[in-house]
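In structure tokens below, several structures.
Two complexes come next, and they have one chain in common, subunit A, joined by subunit B in the first and subunit C in the second.
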Partner chain A sequence: MRFETHQLAQHYPLLFEGLRITLTICALSLAFGIVIGLVACFGKLRERGIAYRIAVIYIDFFRTIPEVVLIFWVYSCLPLMLSLRISAEASGVIALTLFASAYLAEIFRAGILAVPRGQIEAALALGVPSLHIWIRVILQPAIRRMMPALVSFLTELIKATSLLSAIGVAEMAYQASVLGSKTFAYVEFLSAIGVLYFIIIFPLSIYARRAERRLVSRTAN
Partner chain B sequence: MTEGRGKRGQTVVRCVEVTKRFGSFEALRKVSVEVRAGEVVCIIGPSGGGKSTFLRTLNGLESIEEGEIHVLDVRLPAGKREIERLRREVGMVFQSFNLFLHMSVRANLTLAPTTALGLSKAEANERAKRLLTRVGIEEQIDKYPGQLSGGQQQRVAIARALAMEPKIMLFDEPTSSLDPEMVNEVLDVIRGLAESGMTMLVVTHEMGFAREVADRVLFITDGQILVDAPPAEFFGRPTDERQAAFLSKIL
Partner chain C sequence: MLGYGGQTESHDRTWGQNALFAAFAIGLAGLLAYQVNWELIGSLDFSVVWEYRLPLLKGLGTTLFLTAIAGVLGIFFGTILAILSQSPFAPLRWAVVAYVEVFRNTPLLVQLIWLHFALPAFTGINTTALESGILAITLQAGAYFTEIVRAGIEAVPKGQWEAAYALGLPDWTRWTRVILPPALRIMIPPLVNLIISFFKASAILSILQVSELMTVTNRISNVTFKPIELFTATAAIYFVLGYIMSQATLRIERVLQRSQR
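Entry: the complex of A and B
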């Protein structure tokens, strides 16, 4: 077979349009996921009470369900239950937000719990106001510590957006399969997006791996 | 207020029948004691006897179930604001240093003065330099705690507490996690502080230090202060059976 580059040359704007949608959905789900993830994280950090129980159930539930099921469920069942119309794009953002918030909550929690209790006590004993204890003593090192996990979750989220092609969201994977079936140049388009995903995700994984190694060597000292 | 042992001053710590429980375990049982300004009080006793818990009730790190504690002008138990205000005037040094590991020595010393006292960066910085000189490690100001020896870290921790210009200092086994060769450099700093007239309560296992520096020695075990005596008397003529047993084991 011949690799028909002219098909790519002709249709690449659609692929990039798909890429734009992929990144937009990622950004939105990440942003909403961070907000809800923080709420769930602080709920779970309480360790007792109603907020704690809700947070635990929420986190366990959405970490257990396969992303595809979640996507189909939000797209097909949620509109029926709420009797309103939800676009495929909105369904995608909702489903991935549920997915992301549950994972992010655990990443945040692990980062916060890793701050040694003694440092918080020292700050308390110095009379540092609690807002500053949160920012300088807890969150600052916690964020640094959770960066590798956060970035490596981001790569998972980017990959998960390709599942939205199943409900017809015009993201990158969807565009490639549509263009493939229209032109029969499947090899060209699917290979092209494989390369694009790789170009986006690989540097992130490298960053996560390096950051992780730096963290390990620092805590070893 | 004219009696007292050598040093005279107003009462700055007064505990009245203080009881602290962890679940059903009584860590402190009706503890009553007073400390005057300028006094150095060493607290000794077996592990698990309540020494650290006692110290930690004085700045509200441990809440109390019964009784009351007057420290300076604050009466515990108290609300969050009152406790925060109290902690600005009571410094504490921990066994495990508890420095902020992600901050430079400079930032460790300036965090509390800038956020709790409202000092400018420049003022806090000046204070940090002055205190590091006092504890003999001014050249380490831009290092991180992980780059320092245990003795140096504990001296930074002392300087960090002093940066709030406290009226009382609490030391919770300040040399217990140090290598033997570093114990003296830290004790020297604490000794210097005692000589400058700072009111101090020091939980310690360093009997030589207690004998030399303390105005009074408290023996705490089973959540009670069994003995409260000047060092010569405390080490020379034990009055309590358990005190005598403890001393015979460690001296």
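Entry: the complex of A and C
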């Protein structure tokens, strides 16, 4: 078979438009996911009480059900239940926010719990103000510890945006399949987006791996 | 005061934070309750789920079948590739790395559609949706499992490799008796977690209408116009099974940790 590069040359702006939507949806759901994830994380850190229970159920639920199911549920059930009109893009962002917040909550929690308890106790004993403890003794080291997990979750999130093509969000995978069916140049367009996804995701996973290794060697010393 | 651990907090402030959280939750619930179309919620009829229990169960069967395929074939190819990744022949190692990175760093959805539409164009072999689905999930599982097995192998202390060489053990004995058994113990928790994530990922195959649980749900919902009942039921099925599996994993991890001490 022939690889019809002229189809790519002709239609590539649509692929980049798709890429822009992919990245926008990623950024929005990451931002909302961080906020809700933090709330859920602090809920779970309480270790007992009603806030803890709600947070645990929320995190377990959205971590366990498949992203596709969540996307379809938000897209086809939520508007009916709330008697609201929600665009495909908005339902995509809602679904991915729910997904991201549950995973991020666990990442945040692991990061915070990894801060050695003795350091916090030392700061408390020295009478350091509690805001200062939070920022310098807990958050700063915790963020450093959670970076590898955070970045590798980001790669999962980028991959998950491709699922939104199923509800007709015009992101990259959607553009490629529409262009493919229009021009019958499936191979060309699908290979092109495969390469684009790889170019975005691969450096992130390399970074995550390196950061992880650095962290392990630092804690080992 | 610090929100966790409990011991350093004064009782009043804990209570205050709980109250704040509860107020937040109640406010959110109130807002939702105001927006919710209660008439519709009241008219929900979950008997449709029971009515279509047989196709749904069959779909679940396919989902579990796909999970098992991804697990068994993935571990099989993953182990072979991980062993190849230790080969002294560099191009072989590079090939394994290239395969693993390509399949780990692109979305399963893209791999799936690519295999379904592009593979026939290259090879002339037409695959059914189910075959493409099995192929895609196996290839991706193979890549992820390779990484896990490789990490397990590389965690085996160097001295054990050297001892095996020094004793002149043949390759087969070295792998099956010296390297793989201790590696397996490190690998088991991530292996089981990966199988759970392929249980979830099998829902992605619904894009090609592979008749697993999600496809079946979509079809029934298109026929009966009852999306809320069906999607909620399917979400519940996935949650219950996934939750049981992840709790089992936690237990395995704990047992392994205890036996290590």
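Just so it is clear, the second predicted complex is superposed on the first by the 221 of 221 C-alpha atoms of A that agree within 3 Å, B and C clash if a C-alpha of one lies under 4 Å from a C-alpha of the other, contacts with A are read in each partner's own complex, and residues count from 1 in each chain.
Throughout what follows, a contact is a pair of C-beta atoms (placed from the backbone, for glycine too) under 8 Å apart; a residue touches a chain by one contact, two chains touch by 3 or more.
Note that the structure is a prediction, hence the values are computed from the model and not measured.
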Using the superposition on subunit A, tell me whether subunit B and subunit C clash or fit. fit
For the superposed arrangement, I'd like the angle with vertex at the C-alpha centre of subunit A and ends at subunit B and subunit C, nearest 10 degrees. 100
State whether A:Arg210 touches subunit B only (first), subunit C only (second), both chains, or neither. neither
In the superposed model, does subunit B or subunit C contact more residues of subunit A? C
Contacts of A:His132 with subunit B and subunit C, given as first, second, both or neither: first
First (subunit B), second (subunit C), both or neither: which does A:Gln140 touch? first
Examine A:Pro116 and indicate which partner it touches, taking first as subunit B and second as subunit C; both and neither are also allowed. first
Contacts for A:Leu124 in the overlay, against subunit B (first) and subunit C (second): which applies, first, second, both or neither? both
Shortest C-alpha to C-alpha distance from subunit B to subunit C once the two structures are superposed, in angstrom? 7
Could you give the residue numbers on subunit A that contact subunit B in one complex and subunit C in the other? 121, 124
Taking the touch rule as given, give the residues of subunit B at its contact with subunit A in the complex, in rising order. 59, 61, 84-88, 90-92, 94, 96, 98-103, 111-112, 115-116, 146, 157, 160-161, 164
Spell out the residues on subunit A that touch subunit C in their complex, using ranges where they run on. 1, 39, 42-43, 45-51, 54, 60-61, 64-70, 72-73, 76-77, 80-84, 112-113, 117, 120-121, 124, 130, 133-134, 138, 155, 158-160, 162-163, 165-166, 173, 176-177, 180, 186-187, 190-191, 193-194, 197-198, 201-202, 205
Which stretch or stretches of subunit C touch subunit A in the complex? 1-6, 8, 14, 17-18, 21-22, 24-25, 32, 35-37, 40-41, 101-102, 104-111, 113-114, 117-118, 121-122, 200-204, 206-207, 214, 218, 221, 227-228, 231-232, 234-235, 238-239, 242-243, 246
So, in the complex, the side of subunit A touching subunit B is made of residues 116, 118-119, 121-129, 132, 136-137, 140-141, 144, 218, 221
